Each structure stands twice: as structure tokens, then as C-alpha cells.
Amino acid sequence: MLKNVRVGILGGSGYGGSELLRLLLFHPNAEIVYITANEHAGKSVAAVHKNLLGFTDLSFLPTPDDLSTLPEVDVAFFAMPHGAAMSLVGTLPNGTKAIDLSGDFRIDDPEIFAKAYGREQTAAELQKGFTYGLSELFAEEIAAARLIANPGCFATATILALAPLIKNGIATGNIIVDAKTGSSGSGAKPAANTHHPQRSNSFYAYKPFTHQHLPEIEQCLGRVGTVPSPPVFMTHSMPVSRGIFASCYVQADAEISAAEINAMYREFYKERRFVRIVETSPDINWVKMTNFCDIAVHSNGTTVAAFAAIDNLVKGAAGQAVQNMNLMFGLAETAGLLFPGTNP
Amino acid sequence: MLKNVRVGILGGSGYGGSELLRLLLFHPNAEIVYITANEHAGKSVAAVHKNLLGFTDLSFLPTPDDLSTLPEVDVAFFAMPHGAAMSLVGTLPNGTKAIDLSGDFRIDDPEIFAKAYGREQTAAELQKGFTYGLSELFAEEIAAARLIANPGCFATATILALAPLIKNGIATGNIIVDAKTGSSGSGAKPAANTHHPQRSNSFYAYKPFTHQHLPEIEQCLGRVGTVPSPPVFMTHSMPVSRGIFASCYVQADAEISAAEINAMYREFYKERRFVRIVETSPDINWVKMTNFCDIAVHSNGTTVAAFAAIDNLVKGAAGQAVQNMNLMFGLAETAGLLFPGTNP
Amino acid sequence: MLKNVRVGILGGSGYGGSELLRLLLFHPNAEIVYITANEHAGKSVAAVHKNLLGFTDLSFLPTPDDLSTLPEVDVAFFAMPHGAAMSLVGTLPNGTKAIDLSGDFRIDDPEIFAKAYGREQTAAELQKGFTYGLSELFAEEIAAARLIANPGCFATATILALAPLIKNGIATGNIIVDAKTGSSGSGAKPAANTHHPQRSNSFYAYKPFTHQHLPEIEQCLGRVGTVPSPPVFMTHSMPVSRGIFASCYVQADAEISAAEINAMYREFYKERRFVRIVETSPDINWVKMTNFCDIAVHSNGTTVAAFAAIDNLVKGAAGQAVQNMNLMFGLAETAGLLFPGTNP
Amino acid sequence: MLKNVRVGILGGSGYGGSELLRLLLFHPNAEIVYITANEHAGKSVAAVHKNLLGFTDLSFLPTPDDLSTLPEVDVAFFAMPHGAAMSLVGTLPNGTKAIDLSGDFRIDDPEIFAKAYGREQTAAELQKGFTYGLSELFAEEIAAARLIANPGCFATATILALAPLIKNGIATGNIIVDAKTGSSGSGAKPAANTHHPQRSNSFYAYKPFTHQHLPEIEQCLGRVGTVPSPPVFMTHSMPVSRGIFASCYVQADAEISAAEINAMYREFYKERRFVRIVETSPDINWVKMTNFCDIAVHSNGTTVAAFAAIDNLVKGAAGQAVQNMNLMFGLAETAGLLFPGTNP
């Protein structure tokens, strides 16, 4: 019988950690050994994440400066604020694998990283050992990796929407990505932009042209094929709790029909259980609480539109992290992740 | 090895049917043999309930007038409009069990039924064979039953909130129930009261003093203990998709402390996996998409307040129906139902 | 021609101040002389309250310790955190009127105040000079007052729902008030209970039996008639931005019909422009952004149910404050306040 | 003293009619003579639009086939389903002006119209007499017009966002418009796409490449300047009641800075009271219930992004219709329309 993967979660007070708990407590081949959260150290997990009441007796540990002092695990998930994993990953025992949900190790080039995140890459050597964990594109590499940089939520939806076009050389002109996110993407800490009285009636753009996921998208797509020019990447806030919706517009050199594009996408993703090609449009409603990325594609001749919808906390964070764990430990890619969304 | 329970679902186009599908497709001991929906007959289930895309190849059958013409199943779930089960249950083969999610068989007295539902009880003989399926209160009867009347969503929350007080003779004076429901309780068919532009900013009372769940509540509580006088039952609409929140106010003869009340509830529900006693207040947020009923109780001396929160479509409908199926077939009561909610 | 009332607003960064601005900028007989907000001192008002862009050139002043150093006004509105007005009102020039939107001066008895608000009444002498500004009940007193304690939002809805029953001696038994509020009632400062990802799916009770508006309700109703016993007052949070909905249940000694109750309410409020008696139920949707209190009443014989809906920031705060100003300065009671809500 | 404009409203049961009522009841220079709605004929307006309770004694008339049988008015607003105005406008008395809020007369070319709306233009001669009522662009023509085709909501936001770029010849390459609408844009009639249980958690694209507002946008922008190629126009549904947000991406031949673009927009709209140029991004929250169009512009060198936000029922429908009426009757353009939005 398969031995369970022993798991540690670093940073369990936020939504990333909360979702990891929810998924891993029910994973058929995983066992949570510890979870840390400095602000809640000593408290029971279910007192903080009340959805888990009755499901776990775990309590939060403080996060030590030296992770080798924690109980032994096979893999540690880092669900900490940007910047924290950089100083902690190096203290893991050598044999322990790591999956980082922050942006700390996603960007190969330290200069681009510094510009995107406004901080220095202080673990540049370590960064070279990281594999970018977009499960649908790099399954083999991920299976062989010790260190995984889990993709950003916007990046996941955008890359999955564009990859078949890049791979097949369709995108020869401008690429415009109009991306929208729900409020949980801003994290569990109350802030002005997630204050209910205003957020509940709002829709607005933010970080025009400069969102930090853009270099991650460019770097990843560049490994898939030729990106003709830097995509325009524009992020917006939606008044829902969960969901990313990416509308991608690509100029093609030659006319290509909707049927051809659809066939191309179905072929590209035919082996990928978590990508579903749908008609007309995906909807964040149908993927909420799931690990699916639903995609629809259209053409008006030379402009191709590709829409992708994911749950930012599942396929855009914790779900994809577990998917990567599955690949890294030779488990079924779908283990613990195959549940449908809900209708209303 | 345990043989799977073969299941049929009658009326699969609404939210009750959609939730039954979602739960039963993943039930470890059940197999869906058929699902019917006249308006969608011939269509694939996943084309209607897009959350299920990739999870089932089932297609909708039409609902025949004679259910014995359908493939053989061990249990049939009726998720049809009020009034439909009355004329159909009698056509089931004798050995087939039935769980009715509508209000058709919940009321023992045909006169009270007619008044509450505005229609005659045309299957009064059949009704006598039905057991009221409030799983937490009548598990033994349910286990022995062939026919189950699955409780209403408001009734489930209200009865679970009040049962310990009734059982222990605490409620000697007035009982006021101020109950609130989300929009999915009105079903999958668009209507004025669920029109998004207005519902999303609304809160209002409806059916003052006259909601059809009141006789069901009285009848059920009357089996638990002495109900001093007919409860006042007032229903309201909340601008959320899922959730029932029942605020119950009970006058006691003698002073009773919050601590005593809490101990009483914890004792009453100590063996019931799907009732959780919480501090301060339950929240529909923490039970959404789950089969839990979260309850909190308070006292100011002689007024006891009991709050209960459930997901109207799970513990208030499909989840409790599956829980009843589990009890009827000797399965673990929690089989296929033990998943936590989500935080955001 | 009528000289405009010169107005000052103390504390203009929150929702109370923002609504005062919105109303007073368009008031036909008022002129805003200054507005203060320490955290925004020097900034333009429209940079903070973006809805006002293009409507005002006002900038925020700091709030001085001695209000007599500010430009002369006829009336100062205090829209500051609880506790601030207590130390500031006394520094106003003698001739300046004041309307306090906080809870500082609503409670006559310093001991009850201290218990309700968790702080000492440090201006007890001053408090005696304050008139409770429930405009519909105390118009004459308000007209003659120099100092007004503007009622709380919950208190306004509850008192207006109950006053006719108290006045007419109908309420002889228990009074239960099940009250619900939108998120803007918690103010403009982000906090855990107004964090969009969770608030948008939530409904829960808070401060069971102990909300600070209860003594205010008792004190005010006691001036209207005999309150048989302390009402049970239970507050809940709704997932909308604006709105208070109060469901009040009153035990009567003798049977009273719905028609009698309705006639009683219509008579009681026949001169009050901002109270509308409606059928079945009020709805927060129909009063949002307005100064109306919509009320419906029902009876099942000896239990009377009265429902009231208001916009917590208008009739529950800034609108009623302006209504009181109108009364104090001999203006039409409705001046600047007579606009309808919107349908969707 | 100015005589009031006598107004008739044809089709008062929907949101367009409801908003016209709300605005015109308070217009300083208008008087509503009649309002029609076949389905509500004989009912009082306030019974249907409960926000107006206490503001009007008007009742709905049936809509006659021959409008000359109605009382005389100076202007008739048509707020009817698409297709109705075509057969009715011709029956107006010659001297009566008309403002049509439907799409019936917006498109000059009958073939393009037929393709966009899926119906024949049966009043092609009449159509030639219509002026396109985008108030900010065609004020002089509107002032001289008898018949106004009031622009669509999507078209209004998109055209106002793009006009300065077209006028100044900046848009030389592709134009991509990613547009989003709230649920009230679908009208007052319940439908699957506005069913609260699903709409409240949804975001999706619809009518890809084929929305009927595209030809209206092209036709109008073609009058402003040279449109290099047909814009890509993609419509999405947001889970809010009110709001249009248009994100427009324009390829320029030469580099142009954000500062230059901003200066260009400020110059272009310097005389237009209802356009506000804002920083970073407009937000539907700040324009809800108002007649404003807030716009922000950015550049990354050769891609210009222009964002526009409006309230679809005010600036996108009834507000602009009243603005056009003001222009047509020589009133102040802002009469009855100058109110700010709200913060929460």
C-alpha cells in the first residue's frame, strides 16, 4: 500500500493556506503533519477557518526561522506573503521538496523579478533550481523537480488560454489580455479595495500595463513558442469572491476559422483532465471551488478570442499546488482534486 | 464487497436534482441508473448542469407516467415540483424505496396539508406509509422505512434549532422563528422574486404567518415534546444564492443560563455528525456547499435564542436526502457527505 | 429671501460625513462652510469621496481641539467616531447648534451609557441639554433644541416600527426585535467583518442580547408609552451595502386584526412624510439612497408583526440629521431630502 | 417664466421607463402628462415601481396603436421593446418630438440594421429623420432635431472612450473593446441570464464578435474621424445590477505618452459637464445612479488603453434621453441631471 505523502504547510492563515487545508485533509494519499501561522500560533485551525470545524484537530505552529527544526515532511507548501519563501526555502532539509505559492521564484531573471515585485531576489542561486509549475504544460519537468514555483492565478488562466495559439504559431500580431479577478485574490487581510460596502458595487481596472504577472506570462509562453511582442496585460477587479476570467485577443496573420481554432484547442488539451473546452464562453460560476480551467475560443477571421475561467484559489493557487504535488510524487494527477462545482 | 445502491432521480432539471447529481456521482456506495427531466429529455446532463461537464455521460430521460417502466433501481429520489410525486410514487415497483424532496408527503393530516399547500392530498393512503426524514431525530425509523418525506429547508433549520428546547421542556411560552432564505430556495426557474437586478439589493419578508413549512415544524416538534403554542414563523428573503438562517426566540418559565443551554445542546447532538454547536453565531458562509447545521444558543435569563444555519440545497434538500438513503441502506450515515465548506 | 443655513461638518472621512456632504451640497437652504477630517487634512473632498468629483471644491481641514477656532457656522454636524463629540461639543461657540450622529449623547443615564458603550460619559452636564432627534416623534422639541443626539440606525427603524403599538397600549407582552444591517453600518474602515470575500456570502447574528442600541430604544419608547418589559433586541449582518430591516414581534393582550393595526399605523403616521405604510413587507431595495422608512404590519390574532426598512446611512444617519436641521431652522421638514429610490 | 415641457412616456413597465419617471418627476422644467404600459394598464405607477410610492399619482394607460389619440405632449419618450417604436413613431402628431431609447432608429443603413437586429427596418423613410443622440458629440444637431435615436448603453461608454483618439487620428491600428455590463441591462423581465442564484456568482462573455451595438459604434465613430478597421467588440456580463465598464485598447502608429493622451482627453471634453477624466481607472461604483461617464486613459508607448464607466440606465439610457430633451428644448443641458452618486 502506498505510503501517504507527509505534508507541511507554511503560512496557514491566508486563503492559500486555507484552501490547501481543505484539499489536503481529504487527499487520499496525503497527511498533513504541521501547519504554521505566526499570528495564530497555538490556536486550533478550526477556530480560524471555521469551515473546517469538525475536520481537524491540528493547531497552528509558529513559523521558525530554520525550517529544519520542524517535524520531517516529504513536501512543504509555502503559502506565505511575497518575500517570505525567499529567506526560508534554503533552510529546508535537503530531501524535502517544496512548492511555493508566492511569486518569489517564478521569474528566472533577477532584474525582471526586481522590477516586477519591487524587491531584490535574495535567493538567486536557489531560484535556478525551481521549476515553473504550470501542470498542464510541464508535467514531466514537474515530476522530476524538487522545487516548484506555483504559477500566479492571472498567469494560469492567461497562459492556458494562449498556449495553443503560441504553440501553433497563430499569434503573429498583438496580444491583448483583459483579465478580471474576484476579491479573494487580494488575500485574507481586510483592505480598502476589499471593503464590502464599496467592492460589492464596483468594477475597475488597476495596475494598468504593469501587473507583476506579466513577466511570468511572457517567460512561460516564450517556452511554449514564439511570442511576437509583449502582450498587453490589463487587470480588473470584479465584485465576486472567487474567480479569474481572462479575455485574450490575438491577431493572426492569416484567416483562421472558429472551427479550426476549436479543433486545435481540443487537440492541445485532449490529455489534460483539468482543461475543458466549452461553447460560447466559460463562466466563473461553473468552475468555482474546482480545479478546472474552462476555455472557449472564437474567431472573426484574423482576430482570435480565447476566454478562460478558473477559481483563483483552486486552479489559480492551492489546487494547482496539489496537482503539482501529485505529479512530483507519482500519484494520479487528479488525486484529491476531482470534484465538480455547483450550479447555483 | 458492498454492492452499490442503484439510484434513480426523477426531476433532474432543478436545483434539487442538480445537487443530488453532484453528491451521488461521488458517493462511494451509489450508482445513478437514470435521471429524468421532461423539458431536457434527450439532452446530456452536463449540457444543462455545466458544473458536471466531464463527470457524467448521463442523459435525461422523460418522466413516464408509470415509473415501473424505468430501469430497476433500489431507491428513487423525487426532485419534482410540489404535486408531482403524489401521482407518481404509487407507480413504483413494490420493492423500490423512495425519497421525496417535495412537500407532498410531509404532512400527516390531509386537511392541514390542503390548507398549507393549496391542493388536495390525492394520495392519502400512501402518505401514511411515509416517514419524516429529519435524519438527526428519527434515524431508527428512517433506517426501517421504505418511503421518506424529506424535510423542507426552513423546517430542517428550525426544527434542529428548537428540538433540544422542546425535548427538555424549556419552551413553555411563545416561540418566535425569524427565518431567512437565499434565492436558490425559489428554484431554478426565473421569476420576479429572483430577478438579479432587484434581488441583489433586497431584503424583505414574505408569506407573513402563513408559510407552508409551519405545519411541518409543528407536527415534527410535537413528536419531540410538548409545543406550548403554535410557533410564530416568519420567512424573509436574503440576497445570497445559498443559505437558511433561522433565529428562534423561546420564552422559558424559569431562568436558564447560556452555559446550561449550551451543555444541553451539546449533549443532545453529541452523536450527530452533521450538527455543530458554535460560539456566538453560525454563519451561512461556513456551511455553504456542506451538509452541516451549525447552531449557537444564548440566554438572557428567560428568553433563549437559538440560531441555526444550513445550506438550503444540501442539508435543506439533497444532502439530507442522501443522508436518509445512507440510513435506509445501512451505509455510514456520512457516506458521500463529509466535505467541509470553504472560507471565502 | 431666506438666508442659507451655514453648516460645518466635523469628521468627513467616514460614511456619515460622506452622506452629509452628498445631501447638503444640494440642499436648497444650506451652505457647507467647512468639513474636517484629520487623516485627510489638506486633501480635496472629491479625491476622497470620488462620487463628489465635479460637485465641490472643498478641502478637508484638520479637526481642532477647540471648535471656536473654526469659521462661524449656524450648525455643526458631528460625524466622528463614538467618544469624540463628548470632548468637542463643549468648545462650540454658544450660539452654534449641534447635531451629533454618534452615540455619545443619546443615553440620558450615565450608568446605562457606560454599560452600553464601554466608556464613561465625560460630558454628563452637557448631555442634559441634548434632545433625542427621532424626527417623526419629537418634531416640536427638536425645533426648539440647540443640541440634537441623532438616533442610531437600528434604533430608528425599531422605534418607528414599534411606536404606534406602544402609544396605543397594544404591546402588553414580550417584544422581540430581529434586526438586520448592511455592511456600511460598520463604517468606512476595512475590518474583518466587512471583508468582501467573506461578507458577500454571509449572514450571522452578533452581539446577542447586548447591542448598544437597546437602551436607546427602551428610553425612547418609554417616552412614547408603556413598555411592558425590556425588548429582546437581536442584531444580524446582511451581505448588502445599505439597509436596515427590523422584524418586530409583539404580544398583545387581546386579539387585534391586521386591518385594525394597519389603520392605527396609517393614522399615527398620517402627517409624517418620510414614513410609508406598505403592503406585505417593506424591502430595503425600495428605500436605498432615500430618507424613507417603509413599514408593514400584520397580525395572527395576538401576535403583531411590524416590519420596517430604512437606508442606514440616510434615514438611519445623515438624512435624519438633515431632517433635524430642517426642523431646527424652521425650514420645510423635507427640504433637500425628497428624492425617490431606484428600482434596480 | 419658462413653460414646462409636457412629456409622455411610452412603455413604462421596464427599467428605461422607470428611470425616466424617476428623473422627470424631479425635472425642474418638465411635466409628465401620461405614461403607458399595456401589462399594467390601469394600475398606479407607484404600485409597480415601489420606489416612487409617495411621489406620483400617475396610473398607466394602455399604449394605443395610434399615438395621436393620447393627450398632447411636447415630446414622447419611447421606452419599449426593440421593434415597437418603428410602428408607432409615425402616428405621433407632426409637432411632437420623439426620443427613442430602443435600437430601432440608430442604424442608418437598413441592411446593416437587419443584420444587427434580426428584423427588417419597416420605417426606413422615418429613420432618415432621426438624429443620433450622443449628447457629448452632437449637441448642435440634437438641439435642432425633432427625432432622436438615443444611443445604446454599451455604445455610449465605448464611443465616449474612443472619440478623442479617433478625432485626433491616434487610432491607426486595431481597436479592441472589452465591454462589461450589469444585469439591469437585460431588462425588467426575469430570464435565465438574470436568475439571481447563478448570476450572482458569474462572469462570462456573450454574443462574441456579434453584439448589435457594434454597427452603431462604427457608424458613430465614422462621423468623428477615420476608423482604421472595424473594432473588435466583445461583451461580458458582470454580477452587479448597474454599470457598464468598457476597456478599449487602441494601437497607435507612433509613441504617445500617457500625459499627452490625458491632455488630449481633457481638452476634448473640457466643455462637457457629464464626462469626468479620472486617474488610474473609473469605477462603476462612483457613477452608479448618475449621468456621468468617468474616463481614464493610459499608454505603454504605442498601445493606448481607455477605460469608461457609466450607469447603463442613466447615462446609458434614461439620463442621456433627458439630456437630449434638455438640448432639444433649449434648457440647461444639466437640468434635472446634476446629482452625485454615492460612496458605499
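Per-chain residue numbering starts at 1, and chain names A, B, C and D are given in the order in which the chains are listed.
Heads up, the rule we're going with is that a contact is a pair of C-beta atoms (placed from the backbone, for glycine too) under 8 Å apart; a residue touches a chain by one contact, two chains touch by 3 or more.
What you see is a predicted model; the values in this text were computed from it and never measured.
More contacting C-beta pairs link the chains of C-D than the other of the two pairs C-D and B-D. A separation of 39 Å divides the Cα centre of chain A from that of chain D.
Chain B and chain D have centres, each the mean of its CA atoms, that are 46 Å apart. Between the Cα centres of chain C and chain D there is a gap of 36 Å. Touching two or more other chains at once are residues 15, 183-184, 188, 197-198, 201, 239-242, 283, 343-344 of chain C.
Judged by the touch criterion defined above, the protein chains are all mutually in contact, each touching every other. Chain contact summary for the complex, chain D toward chain B: residues 15, 182-184, 188-192, 194-201, 239-242. Residue ranges of chain B in contact with chain A, taken from their complex: 15, 18-19, 22, 25-26, 49-55, 183-184, 188, 241-242, 273, 276, 278, 283, 286, 289-290, 292, 294, 313, 339-344. Within the complex formed with chain B, the chain C residues making contact are 173-174, 176, 178, 180, 197-198, 201-206, 208-209, 232, 234, 236, 238-240, 242-243, 245, 247, 249, 251, 280-285, 288, 296, 298, 300, 303, 305, 307, 309, 343-344.
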